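Given below, in the form of structure tokens, are the structures.
The following pair of complexes shares a single chain, subunit A, combined with subunit B in the former and subunit C in the latter.
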Partner chain A sequence: MAKLFRATQLDVGYGKMQILWDIELEVNQGERVLVLGPNGAGKSTLLQSLVGLMQIWRGQIFYHEDPIQNLRIDHRIRKGISFVSELGVVPSLTVEDNLRLGGYYSSKREVLQRMEEMYEEFPAIKEKRKALAGSLSGGQRKMLSTAKALMSHPQLLIMDEPSSGLAPLLVTEVIQILSRFQKQGLSFLIAEQNVKFLDIADKVYVLDAGHIAFSGTVEELKMNDALNRAYFGVSGHSS
Partner chain B sequence: MLFTLISGILIGIFYGLMGLGLNFIFGVMKIVNLAHGDFVMLGAFGVYLAYSVWNLNPLIALGIELVIFLAIGIPLYYGFVPRLLKSRDPEMLSLILFFGLSQVIESLASFAFGTNPDTVNPTVFGSQPVNIFGQSIQMSWIVAVLISLLAMAFMYGYLYHTKIGIATRAIMGHRTEAMSSGINVHRVSAIAFAIGIALAITAGSMTPFVLGGIYPSMGVDLTTTSFAVIVIGSLGNPLGTILGGLIYGICLMLMQTYLPSWSSLVPYLLLILILLFRPSGLLGRRERNA
Partner chain C sequence: MRKRMLANVLIILLLFLLFAVGPSIYQNQSLIFQMMVFMALAQGVNILYGFTGYLPFGYVGFFGIGAYGAAIAVNLLHVPALVAVILGGFSALLAGLVLSPLLRLSGAYFSIGSLAASEILYNVVSNDSLQPITGGPYGVNLAGIFDEQTSYVVMLLLLVLATAFVTYLRSSRFGMSLIAIREDPVSAEMAGIHVVRTRVFVWLATAVLAGLVGATYAWHISVFYPNTVFDLSVSIFAIVFTLFGGGTTVLGPVVGTILLYGLYNAIGISSPQYFQLIYGVLIMALVLFLPNGLMSLLTRRGIYVP
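Let's turn to the complex of A and B:
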């Protein structure tokens, strides 16, 4: 598989406090990559530094093998990377305006066409197109944030805790939606602490206190006794 | 009473324009431009200078001023605001920094124009009064109101019918989320800052015709009045400013008619009342959290 996105020897921190150490990470085309870790492991910091919301201290980030670590976030997005933050939407804008924001760098015609496609994929938000995003339920907001990020036709979707604040049933729905888009060739890099996302992952990185503690396939993760106990309980993951 | 109400609405529209620039800058950057009233004052003296020296029509002078101050606004943003926003408490720091800028502008204006009040002949737009519901209103007031309405319509079109308007409202709603969506927040904010200054200049250009005398130290009072207007409407919501201006204008004219010696208290009284009973302003929004 062709390399799409790669980070190497990343060190990141706030002020003088280092949060991430020597991060190595890779996403190939069409791949679903999960960054698994508990609260405070540095998952959000990692994603924010990858998309350009945070300055990195050291290391390099490549997209299609071009270095992008010095590019501003808007330039990274124009290249085909989309980011869904934990909030994911602007609450004071309507659903429609959030989608327009997602397609900010597309032409008016492209935006209208893509918006209709998104309404087909996410009928729940179509009914609320004139409502403020802040008035939506948690599940609807999550749909909107995904649709907003997809408005720019990204090749890589980076998502920060898509299951956060969602009921288990809605988590399953989010996973199903992401699977649909993966079939269309979209690559994912998802930071999560919900192991349910392992069901769709091709590759897993486990982030522990700012270090990559594991990288490999889901099967390899399940064979690692310590991580198996940490993430699936003492008795192990039965399925 | 009818005259009081009509003039209250007309002057309220003008005050709405005066508060608009301050609220727009606060809404986008969450900084308080304490030099706002001084930019209004500069707009007023620009028109005064153009008229008294070159006998230039105030509307042409306004056009020239807008070009100049839009061009000044962008470098002024990049010189001050990004540094402010990186600080731990940008709102507090902005108060101090723009207070300093206000003092500098006032001192330079005093040096250039002296401290005595000046004005522009209000009949420059015509000496025939306009009849509104049987009441005679000066033509210069009508022009000031039309300019104010035009500026407000421009702002509405800019915010709600342009691409950059969506980006601007996104930054006003949630700066980090706007950045996460790929918006170049500094570029959009710099344009917003320049527009905010241009709105102050526009209000200033009409000040000699609505308020009469202009003088370099008037900026402080104008900033206070603008602040009252935007707090009444909703801090950070530019369109709420129009409502704030109308309420302020009507209250001011009622006080000037029935309790003239108390009328200077209007901005402070309204500020206290709103902050006590509806701190988010009359158009302040609540949103669902779950």
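Let's turn to the complex of A and C:
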């Protein structure tokens, strides 16, 4: 598989406090990559630094093998990277306007066409197209933020905790939707603490206190202690 | 969509007609002119606060700099009045550029910062040692270019322009991007919006608007002092009128200005004590029951307000 996105020797921090150490990460085309880790492991910081919301201290980020760490965020978006933050929608705009915002750089015609595609994929928001995003339920908001990020026809969708605040049934629905888009060739980099996302992952990174504690396939992870150590601070084999 | 566009165009047309025929119906042209001044400034505040989230207590600074920019252009460069108005707008643009680091602040810090900046501008302009240029505390006399009618027409055009700009923001992707920046800069940035550049553009556009209005005001009244054009109540009025009517709408600042400035002129000058009381009660009621302004009475019911 061709390399789509890669980060090497990444150090990131706030002020003088270092949060991430020597991160090595790779997403190939059409791949679903999961970054697992408990609260405070540095998952959100990692994603924010990858999309350009945070300055990196050291290291390089490549997209299609071109260095992008010095690119402005809007240029990264135009190249095909999209990011879904935990909130991800503008509450005082309607569902339709949020989608329009997602296609900020597309022509009006493209936006309308893509909007219809999104409504087909996310029927729950179609019914609410004229409603304010602030009036949607948590699940609907999550659908909207994902649809909004997809409006720009990205090649790589970076998602920060798509399951946060969602009921288990809705988590399954989100996973199903993401799988559909993966079949269309979209690559994912998802930061999560919900291990249910392992069901769809091609590759997993376990982030523990700012360090990559494990990288490999789901099968390899099952034979490794990294997840137990990151979540419970104990070895799986000793219990 | 077409209906909304029609409503927006109708508002601009009605506004134009109202103030174009106003002087032939109502004798006090000065009041109508001042109402246009405050309405245009309120639209400036609307753009800056309603759409972008910056509450500019020091907005009067741009108004004052515009007035003084035009006055200096007339008295020292001897340019025609219309060129002076443009130079007034340009002075405000320069002031806006110098003060653009204020945009790094947010909330109350920005409001206080902009207020302090306008005080600095006032103190510079009224400084005695600058008397040969600004007239210092003794003010400016532009009697040589006094033209009540033309300045009125220019003010009307400025008001229409400001209202048309808000109409554009109300229905364009650019306006939507401003709301996104106001509510969630991260989300806006991730939609590919250049947050810093957009904020600076809006800041400068509203500075130029206030500068042009200030310059036209100076032309209209022809004699003024630093405390006339740097009076904090100019900012306060523009802010209150916007909030009373409802920000992020075209109609809000128009309705707010007509009602409150009308009230001010009806009782504020003859019985200031009652006016202060009524004004206070109105503002309290607004904060408690209609924090999004009068227009929210309609928007709450799902009615589109231009």
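Quick notes on this structure:
Assume the second predicted complex is superposed on the first by the 225 of 239 C-alpha atoms of A that agree within 3 Å, B and C clash if a C-alpha of one lies under 4 Å from a C-alpha of the other, contacts with A are read in each partner's own complex, and residues count from 1 in each chain.
Just so we're on the same page, a residue touches a chain if its C-beta (ideal position, glycine included) is under 8 Å from a C-beta of that chain, and two chains touch if they have at least 3 such contacts.
Everything numeric here is computed off the predicted structure, so don't read it as measured data.
Bringing the complexes onto one copy of subunit A puts subunit B in a clash with subunit C.
Of the two partner chains placed by superposition, subunit B and subunit C are both touched by A:Ser92. In the superposed pair of complexes, A:Leu53 makes contact with subunit B and with subunit C alike. Judged by the touch definition given at the top, the superposed model places A:Arg72 against both subunit B and subunit C. In the superposed pair of complexes, A:Lys203 makes contact with neither subunit B nor subunit C.
Across the superposed pair, subunit B and subunit C both touch subunit A at residues 51, 53, 72-74, 77-78, 83, 85, 87-93, 97, 100-102, 104-105, 148, 152. Of all residues in subunit C, those touching subunit A in their complex are 173, 176-177, 179-180, 183-184, 186-194.
Subunit B meets subunit A in the complex at residues 163, 166-167, 169-170, 172-174, 176-184, 285, 287-288, 290. Contacts from subunit A toward subunit B in the complex involve residues 51, 53, 72-74, 76-78, 83, 85, 87-93, 97, 100-102, 104-105, 132, 134-138, 148, 152, 165.
Across the complex, subunit A meets subunit C through its residues 51, 53, 72-74, 77-78, 82-83, 85, 87-93, 97, 100-102, 104-105, 148-149, 152.
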